[in-house]
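Encoded as structure tokens, the structure appears first; notes follow it.
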Amino acid sequence: MTDAAMIAAISIFTAGLTVSFGSLGPALGEGRAAAAALNAIAQQPDSASTLSRTLFVSLAMIESTAIYCFVVAMILLFANPFVDQVVQATQSAAG
Amino acid sequence: MTDAAMIAAISIFTAGLTVSFGSLGPALGEGRAAAAALNAIAQQPDSASTLSRTLFVSLAMIESTAIYCFVVAMILLFANPFVDQVVQATQSAAG
Amino acid sequence: MTDAAMIAAISIFTAGLTVSFGSLGPALGEGRAAAAALNAIAQQPDSASTLSRTLFVSLAMIESTAIYCFVVAMILLFANPFVDQVVQATQSAAG
Amino acid sequence: MTDAAMIAAISIFTAGLTVSFGSLGPALGEGRAAAAALNAIAQQPDSASTLSRTLFVSLAMIESTAIYCFVVAMILLFANPFVDQVVQATQSAAG
Amino acid sequence: MTDAAMIAAISIFTAGLTVSFGSLGPALGEGRAAAAALNAIAQQPDSASTLSRTLFVSLAMIESTAIYCFVVAMILLFANPFVDQVVQATQSAAG
Amino acid sequence: MTDAAMIAAISIFTAGLTVSFGSLGPALGEGRAAAAALNAIAQQPDSASTLSRTLFVSLAMIESTAIYCFVVAMILLFANPFVDQVVQATQSAAG
Amino acid sequence: MTDAAMIAAISIFTAGLTVSFGSLGPALGEGRAAAAALNAIAQQPDSASTLSRTLFVSLAMIESTAIYCFVVAMILLFANPFVDQVVQATQSAAG
Amino acid sequence: MTDAAMIAAISIFTAGLTVSFGSLGPALGEGRAAAAALNAIAQQPDSASTLSRTLFVSLAMIESTAIYCFVVAMILLFANPFVDQVVQATQSAAG
Amino acid sequence: MTDAAMIAAISIFTAGLTVSFGSLGPALGEGRAAAAALNAIAQQPDSASTLSRTLFVSLAMIESTAIYCFVVAMILLFANPFVDQVVQATQSAAG
Amino acid sequence: MTDAAMIAAISIFTAGLTVSFGSLGPALGEGRAAAAALNAIAQQPDSASTLSRTLFVSLAMIESTAIYCFVVAMILLFANPFVDQVVQATQSAAG
Amino acid sequence: MTDAAMIAAISIFTAGLTVSFGSLGPALGEGRAAAAALNAIAQQPDSASTLSRTLFVSLAMIESTAIYCFVVAMILLFANPFVDQVVQATQSAAG
Amino acid sequence: MTDAAMIAAISIFTAGLTVSFGSLGPALGEGRAAAAALNAIAQQPDSASTLSRTLFVSLAMIESTAIYCFVVAMILLFANPFVDQVVQATQSAAG
Amino acid sequence: MTDAAMIAAISIFTAGLTVSFGSLGPALGEGRAAAAALNAIAQQPDSASTLSRTLFVSLAMIESTAIYCFVVAMILLFANPFVDQVVQATQSAAG
Amino acid sequence: MTDAAMIAAISIFTAGLTVSFGSLGPALGEGRAAAAALNAIAQQPDSASTLSRTLFVSLAMIESTAIYCFVVAMILLFANPFVDQVVQATQSAAG
């Protein structure tokens, strides 16, 4: 297998692993936060707006870790800095 | 095995792994959020509309991490950026 | 083993893994949501219709992640984009 | 080992794995839903018919993920699309 | 090892794995459902018949996933579709 | 190692694995059901006969999955359908 | 390593694994049932005889899965059906 | 490595594994049963004798699975039926 | 595979692993903190501002560990100190 | 590596594994029993002697499984029955 | 692969593993501490300042273990003591 | 690698594994017992001396399993019975 | 790979593993202790100073195990006793 | 790799593993004991001195298992009994 194919294979596998494994924690954490928000609104309907605002800030904060993973996966698939590097290295080795 | 076949095999395996593993967290998180919403509505039926709205926003937020995984799997299967690359690399190596 | 057989073997294994692993989360999540709905109806029988509607929306949302897995498995078995590709690559290599 | 035997071995193993692993989640989820239904009926016997209906819809929904796994296993054993393909590929390679 | 022996070995291992792993979920789920039924009958003895009926439907539903596994194991041991196939493939290869 | 020895080794290992792993779920499930029955009898001694009957039906249902495993293990040890097959295949290959 | 030694090694390892792994579930399940019985007797001392009877039936049922494992281990060590078979197969191959 | 040494190595490893792994479940189960007995005696000191008797029967039942493991380990170390067998098989092969 | 390609492959895999695994703990921890905050606000709406401030400080503290992981992943992808080093080492070895 | 060294290596590793893994269950079980005893004495100080006696019997019972492991480890280190056997087998093979 | 490349690869992998795995415990621990603080403030708003101070000291203490990991990762990437050492060793071996 | 070095390597690894893994159970068990003792003293300060005595006996009992592990590790490091044995076996083989 | 490089690689990997794995337990334990302290202060604000003092002693005790890990990692990176040893051994072997 | 380097590598890895894995249990156990002590002091401030004394004895007892691990790690790094042994064995083999 050529070096470029190796890099491609690793990048594909890592991208999938990153985005799938990286969805585990945020999804569970958001589920917990949302469940608490729903219970809280049921308990104190008058504070619904405060609770919603707090929930959305929290969800955004938790979602950010999932976004990191998605961004890294996209970088690996579409803007992988090592692909050109390896191509050049191969060429300079062959040059 | 040729490089293209290797890339194909990795892509197939990663696509399946991504979408199946990536469904674990969101499904559990959504189940938790939905359970909390149902309890909350039973406890405070008057706030059902507020609770439903909060639930749907939360479900959408959690579902988004599953969507990321599905999108990555679809990209790997139908728009894999490395497939053409490797084909070209192979051709240029053979050229 | 020829390349086509390798792709076939990987696709078969991945299809089974995807659909079986992908059923774990949704089944547990739906079980939790359904359990909460049943408790809620028992607690507040008057809101049964609201609760049922909320439950069905939630179940559909959770089931969607299982559907993603089933779709990917079906694509791998019956509409695998890499099978033709590899066949052609093999032919062009042999051509 | 010939390619056809390899495909057969993978298909057998995957079919068993799929149906056995795929029974874990649904069985646990259905157990949870049924337990909740039994508690709910004991708590509110007057709503038994509503609760039963909700339970059966939920069980059907959860069972569907087990059915997906069973269907995939049956396809792998009795209607495997890759078996003919590989046979033909082998023949064309030998032709 | 001949192909037929390989298929036999895989089938034996898969049959055992399928039926043993496939008994984990249903047994736990049935245990949970039965426990809930017993608590419910103790709490509301007047509804014993309704509760028993609901329990038996639930047990049957859960048991079905174990039955799937047992059926697949029996198919693998006594009606394995790949055994004849492989024998023929071997013969045609040797023919 | 001859094919027959290979089949024997796999059968022995699978038989042990099946019966030991297959005892995990039923034992835990039966323990849970029995515990619930004992609590229920203590709480409602007048319904002891109904509770006992329900318990025994449940135990039988749960035990059935352990029986499946034991049956498969016995088949593998004493009525293994592949043993004769492999012997014949070996003979026909040597014939 | 001769075939007979291989069968012996596999049988020894499987016997130990079977009996040790097979003791995990029954021990935990019996512990749970016994704990429930002790709580129940403390709560309702007048029903001690009914509770003891129910406990013993349950323990026997749970213990049965451990017995299965012990029986299989003893068969593997002292009445292994494959040992003679393999010896004969070896002799007929050498014959 | 000679066959006898291989059998010895496997027997040593299996004996240790059996007795150590086999102590996990019984120890946890006995701990649970004992804890329940102590709580029950504290709650109902008048039934201490009944509770003690029930506890001892339960402990004996649970301990039995640990005894199985210890017996198998002792058999493997001091009365291993395969050791002589293999020695004879080796001699007859060399004979 | 050249050294540079090896370094590239390891860096890609590590970057994905770091950011995905590193999102598990923070997401769960933030979910817990947010859930507690929502419950607390519902319980004591008058202290909402104090609670929000405490929540945001805590979220920032927890998020910092996810940031560490993201930073390390970015360093590995875009400012990897070993890439130049290895290139130079290779050149000096070839020089 | 000579056979005797192999047996020695396996014995050392197994002895350590046995005694360390075998301490997990008893330690946890004893901790649970002791915790229950302490709670029970606090709740019913008048029964302290009965509770202590029950606790000590239980601890002895649980400790016994740890003793089994320790005994097996000591046998493996200082009275290993296979060591002489293998030495003799080696000598008779060389004889 | 040259020694320097090997050291680089190990350092990269270890740095990522260290910082990602090392964020799991602190993030969960801080989440727990923050959740307790929020509950405590809601319960006793008058002690908010004491509680905040205690929380910040605790968070700093917990964060310190994450800092250790980050420091080690940075040392491995940017001030690795073995890199120069190995380079010199290689040179002295080549010298 | 010589036999003595092999034995040394195994002994070092096993000693570390034994003492570290063997500290897991006792530490958790002692933590639980100590926690129960502290709660019990807070609940019933008048029985502090009885509770302390019971706690110390329990801690000693639990600690004993950790001591077993430490003793085995020390034996492996400083009084390993196999080291001389192997040296002699090596000498007699070379003799 | 030279011996020195091997020692360096192992040291780097072990240092990272030690400090990251060693942060898991202390972080969780400190989180639990801090959470209990915060609850306790909210419950009994008058004892805040006693509680703080007890908390800090406990945190120091728990932190000490993390410090052990950090110290070992630093020793491995900057004062590794085996590095000189191996260099000397290599020189004496080459000498 | 020379024997001495092998022993060094194993010792380094084992030392790190021992101290890091050995900190898991004690840290969690101490966290639990400290949490219980803090709750107990809040509940019964008058017994603070008795509770503190009991806590410190318990912490010392639990810490002892972590100390065992640290001692073994230090022995492996700085007073390893096998290092000289192996050196001498190597010399006598070369002598």
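Chains here go by letter, A, B, C, D, E, F, G, H, I, J, K, L, M and N, matching the order in which they are written, and residues are numbered from 1 within each.
By our rule, contacts are C-beta pairs under 8 Å (C-beta built on N, C-alpha and C of every residue); 3 or more make two chains touch, one makes a residue touch a chain.
Note that this is a predicted model, so its numbers are computed, not measured.
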item	value
Minimal step count in the chain contact network, chain C to chain J	6
Set of chains whose contacts include both chain N and chain K	M
Between chain I and its twin chain M, rotation from the CA superposition, multiple of 5 degrees	50
Computed distance of Cα centres, chain B from chain A, in Å	11
Where chain E and chain I are represented by their mean Cα positions, the distance between them in whole Å	43
Chain G and chain J, separation of their C-alpha mean positions in angstrom	21
Centre-of-Cα separation between chain J and chain A, whole angstrom	47
Residues within chain J bordering two or more other chains	11, 13, 15, 17, 19, 21-22, 24-26, 28-33, 35-37, 39, 41, 43, 55, 59, 66, 69, 73
Graph class of chain-chain contacts, one of line, ring, star, complete, other	ring
Neighbour-by-neighbour ring order, given that chain M leads and chain N comes next	M, N, L, J, H, G, F, E, D, C, B, A, I, K
Contact set on chain L toward chain N in their complex	1-2, 4-5, 8-9, 11-13, 15-17, 19-39, 41-43, 45, 48, 52, 55-56, 59, 63, 66, 69-70, 73, 77-78, 83, 87
Partner chain I, residues of chain A touching it in the complex	3, 6-7, 10-11, 13-15, 17-22, 24-26, 28-33, 35-37, 39-41, 43-44, 46-47, 50-51, 54-55, 57-59, 61-62, 64-66, 68-69, 72-73, 75-76, 80-82, 85-86, 89-90, 93
